[in-house]
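Before I ask anything, here is the structure I am working with.
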Amino acid sequence: MKDILTPRERFGMLVIDEKPDRCPVIPLITSHAASVAGIKLKRYYTSGERMAKAQIIAYEIYQHDAISIFSEVGIIAEAMGSEFYYPDNDLPVLKNPALKNNLNDRIIIPNPKKDGRLPVYLDAIKYAYKAIGDIVPILAYVPAPFTTGMHILPPEKFLIGTLRNPQEIRMMLDFVLDATIKFCYEIINAGALPVIVDPLASGSVISPAVYKEIALIYEQRLIDYLHRYDFDVILHICGDTTTIIDNLLYTSADLISLDRVNMVKAMEKLSNKMRLIGNFDTGSFLFSSPEEVYRTTATMVEQLKFARKGYIASTGCEVPIKAKRENVGAFIKAAKEKGWYWV
Amino acid sequence: MELIGFSCSYIPVELLSATGLRPYRLLHGDLNLSQKGERIVRVDACPLVKSNLGFVIENQKKFACIIGSTGCDMSRRMIEAIRFMTGIPVYIFNNPRTDNFEIFSNEIDMLIKELEQFFHRRFDKGLIQQECERQEKIKQRLREFDARRRANPSVLSTTVFQKIMADYLQGNFSDIKTEVPEEMSYKPRVYLLGSPVSYESGPIIELIEKRLRICGDFNCGLSRAIYIKVVEKTIEGLKQAYFKQVPCIFKRPNKGFYEWVDKDLKETKSTGIIAFILDYCDNFDFEIAKMEKRFSLPILKLKSDFSLQNISQLKVRIDAFIEVLASYRGGVV
Amino acid sequence: MKKTRKIIPKKIDLNTWSRQFEEIPIEVIKKYKYYNNEEWGVYLSPPATFMVYGARELKRLKFDNSFEALRMWGFVFNETERLFRARQINKKVIATMGDLGTVPVLVLSFPDCVPFYPECLWWTPFFKESTELLDTASKLGLPEATCFSRVVVSAFYKKSYFPKPDLIIASTGASCDDYSCVMQNVEDMGYDVMWIEIPYRRSLEFLLNKPKPQDLGKTGQGLVYLKTLEDYLVREYQRIWQALFKLTGVNNPHRLVETIRKVNRLRKLVAEIKRMNADALIAPLPALEMMTIEFGNLYGYADFDEWLEIVEMIHSLVKKRVEKGIGVLKKDAVPIAWVTPSADPYLLNLVEDLGCRVVETEYVINQGMVQIEENIEPIHALARSFINASLIGSTEERVSSIKEKIAKKIIKGVLITNMLGASHCAMETRMIEKLLDGVPTLSIDVPAPFGITQQIKTRIEAFVETIK
């Protein structure tokens, strides 16, 4: 069936608890867009215009339902002083955290218009918004304070700190929260909807207790800030969120994007209050055939599309950079064909 | 001043001729007149309205008064423009778009009072009956001509019929032909509908009929007026006849128009439709997509501002349309 | 709660508004809700929120920097959501089309009925800087050289701008052809439409003879009309009342009396705001906000009570600014009248940026601006108020108030905005120019989104120079 609504109109209906023509289909096409557009990865994440152009090309090819401005989760940490290494054909890698040894070292609250690669994001948003922002939502993925925190301190120190000196970790995260809010402010004024990503807060990395006592608090505070603007806030946590699923409701996110979790259970627990997003296994894009991808996606969408508050067909995590295009295409095709609400 | 002008089929000609003046339907469509009309309205006004304005401005001394109608917005405002530019006494008849006989009936009564007072004439039963009978005689003759046009094979062209109708609509009742020679045609039969066909549209009709035969129509300027048959020759009879006439497309809802045309297409055994639509004629322009779906016949859309400059382009389009008709019928042209 | 700083009135852009918004406490944000709903009814958001959700023109527009204006914009931009929420909480959503100001008064007299005007979506392509709705209209077969209100057909097709109405009341007759055709197209899509006749208001020069005084009535605004017009309207409004009774099962004429009082309160406030705005030495409010306030009279943007509160707040603000002699434009801004609203809000900003100030308007909604009589039978009162409608009579009557102000030397120029091919624009504009002989007039065809060119800017500049 042919689309009646634009992606904007579709998303707009979803977030006011209405059923659009079909469920939105928003696979996490982030750096994969560089591959699709034939742009070197390093150029993708260091040039806002190139990032936007890659996303637009990917949209033109795939016809999915949003543009995703994102490269990697260290972007705020980098602007706050952490050093990253830029491989030519891969995403930036943490080289030297800003607080190498000691929480008492100085970190700066960055200026999103000048520091690190934050301006790259903002340029990408402005470019994409001007080009197609009337018909496609522009989503900007922002690392949550907890995930950023693990890029400001050496990861092991950070994780130990959450157990041994949580108070100091919180003091550091208070700064990170300020920096994140400042960044979100500029993202909003550039034209994108901030999407909070907190992959390092999943059960794959931390215990439910640490999540509840630390990560969740900062997610809540960030979401509270975004709620001032009456935004419909998407929280994405990839990895295994089974052990924290009950706590997700307390984040007050409006849409929850999940990865390795039983989605039927998630539906039972969360879908009265939150719209569900997810959760196709992205490994299949590399190793399965288009027919297999189509079948799996179709089953997933048919199962989840009637989630009470609404559903967005998506991937559990980012589409791999080298994902086969025909597989991504098969995912989108299946989600569109099976996700219809209007007769 | 010998003329009483009027702008719409819903205004009873019988009442106008009862004044003793010649009823003159404003149906001019000419580029030169149009340009004169642009003194008071914009270039994107309806070409018919502009031409009529131009004509009335040039011939204002001939008109005792002009009766307009609210049928279409531009046509109603044309009357205001006439008054503004010429000072000719005007009256605007409130012709309801909706199925509201009460308003229509009341408006006819008001129109009668206005005409009686203005022309110092009483529209008594006798006068009304006399005018109805006179008009019915003329219309009957015109229907006979139309029947010949609609016959299969058609024996009268619309080119000739249009000239006959022009005499009628301009109130030249005594000049209306009593006889016309037969013009039998086996050309593909097409139905004309759309915006009014002006007095000056002869060349366009003639061009169409070089290769087609227009055997039926829904256009002001052609046969619409003659099918308003006043059975009961009284004011009430007039009201009923005019209210229930072939429904104009501006009526809301306009399903009556579609039902009528559906029926007429079958009766005339038309094989195609020519939609003659004036520039900025919203009432038809908004409907063309629906017509293409509703009438299961090929439609040729002809847009016009009454200019004859694109006549060769028109010829090419008509030729192409004939090909379409041939393939549609599976026959040979 | 933080003490708010004194704010000097001015027009500010979106970024400046975002900075100001950061200082508003959360308790204040949560205070204002439509339909009194805590969960989703909060609407106090800065322009940036709506810009993120696709209203791209907000990046270019300038707004009044008051809290009151912020509240107004948050409320107005929220309308689509509000209509869907209305349906979700079992209110009846009634599309009132074509009459611009009177039928909603009937609708509001029934419990839990929310009237709205689909034609107000004509601003949407411009706020979004998007031709999507216009392109959809073209794909649906609608002609392009017509009024931008053709987007209504697209909106009904897409079903994402408002819920399927419980009742569609389409008023046609002595009205614009374009919109009459739009309404017919909506019916052709399968929607049930209740057709209402808008009769023609004949002024005396469109009669052949002088009428008897007993056959004439006079509206509060001084428009003379034949009394039969009132009877026509009364019967139509009685039909609407019956339809609403059938829909709701409630028949309480006293509610109409109460609604008229409430509507009059709003209209009085707006009339005062307009008068204060026009008479003040320095314009206290920008033209864009003023236009939005005027159009709120038609139906209260789907929550009449909340809108009334907002206008009360704005009224206080304007009064204070006038008392203090402060405002948003320069003292030497040239006073002009504006005839026919602009579909592109940016044009209002532009005209002010180039040195004008709008002191009189004729926005085709005169019927929504007048007081409804409270001392006569209410349906008759409604009929008499509608008789003042802008488009049902002559062009001369339409511009009479502007003519008066020209004569008093209050207005130095007149700006007429049109749309190419729109029926009343094509017919009225030249006549208005002739009728307003005595002041310079400038007629602008509002182009499709993104279409305001340097040429248009230059023409406005030249116009301003002429009238200075």
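Residue numbering begins at 1 within each chain, and the chains themselves are lettered A, B and C in the order written.
We adopt the following convention: a contact is a pair of C-beta atoms (placed from the backbone, for glycine too) under 8 Å apart; a residue touches a chain by one contact, two chains touch by 3 or more.
Please read all numbers here as calculations on a predicted model, not as lab measurements.
When each chain is reduced to the average of its Cα atoms, A sits farthest from subunit B. Closest to the middle of the protein, by Cα centroid, lies chain C. Separation between the centroids of subunit A and subunit C, computed from CA atoms only, is 41 Å.
Centre-to-centre, using mean CA coordinates, subunit A is 65 Å away from subunit B. Distance between subunit B and subunit C, defined via averaged C-alpha coordinates, is recorded as 37 Å.
Partner subunit B is touched in their complex by these residues of subunit C: 140-143, 145-146, 170, 172-178, 180-185, 187-188, 193, 195-197, 199-200, 202, 205-209, 226, 228, 232, 235, 394-396, 418, 420-421, 423-431, 434.
Note for the complex: subunit C touches subunit A at residues 14-15, 18, 21-22, 26, 29, 40, 42-46, 48-49, 51-54, 56, 59, 80-81, 84-85, 88, 128-130, 132, 157-160, 163. Of all residues in subunit A, those touching subunit C in their complex are 4-6, 8-10, 12-13, 16-18, 20, 129-130, 133-135, 137-138, 185, 188-189, 191-193, 224, 228-231, 342.
Across the complex, subunit C is touched by residues 39-42, 44-46, 49, 65, 70, 72-74, 76-81, 83-84, 89-92, 94, 96-100, 102-103, 106, 110, 114-115, 117-118, 250, 252-254, 279-280, 282-283, 285-290, 292 of subunit B.
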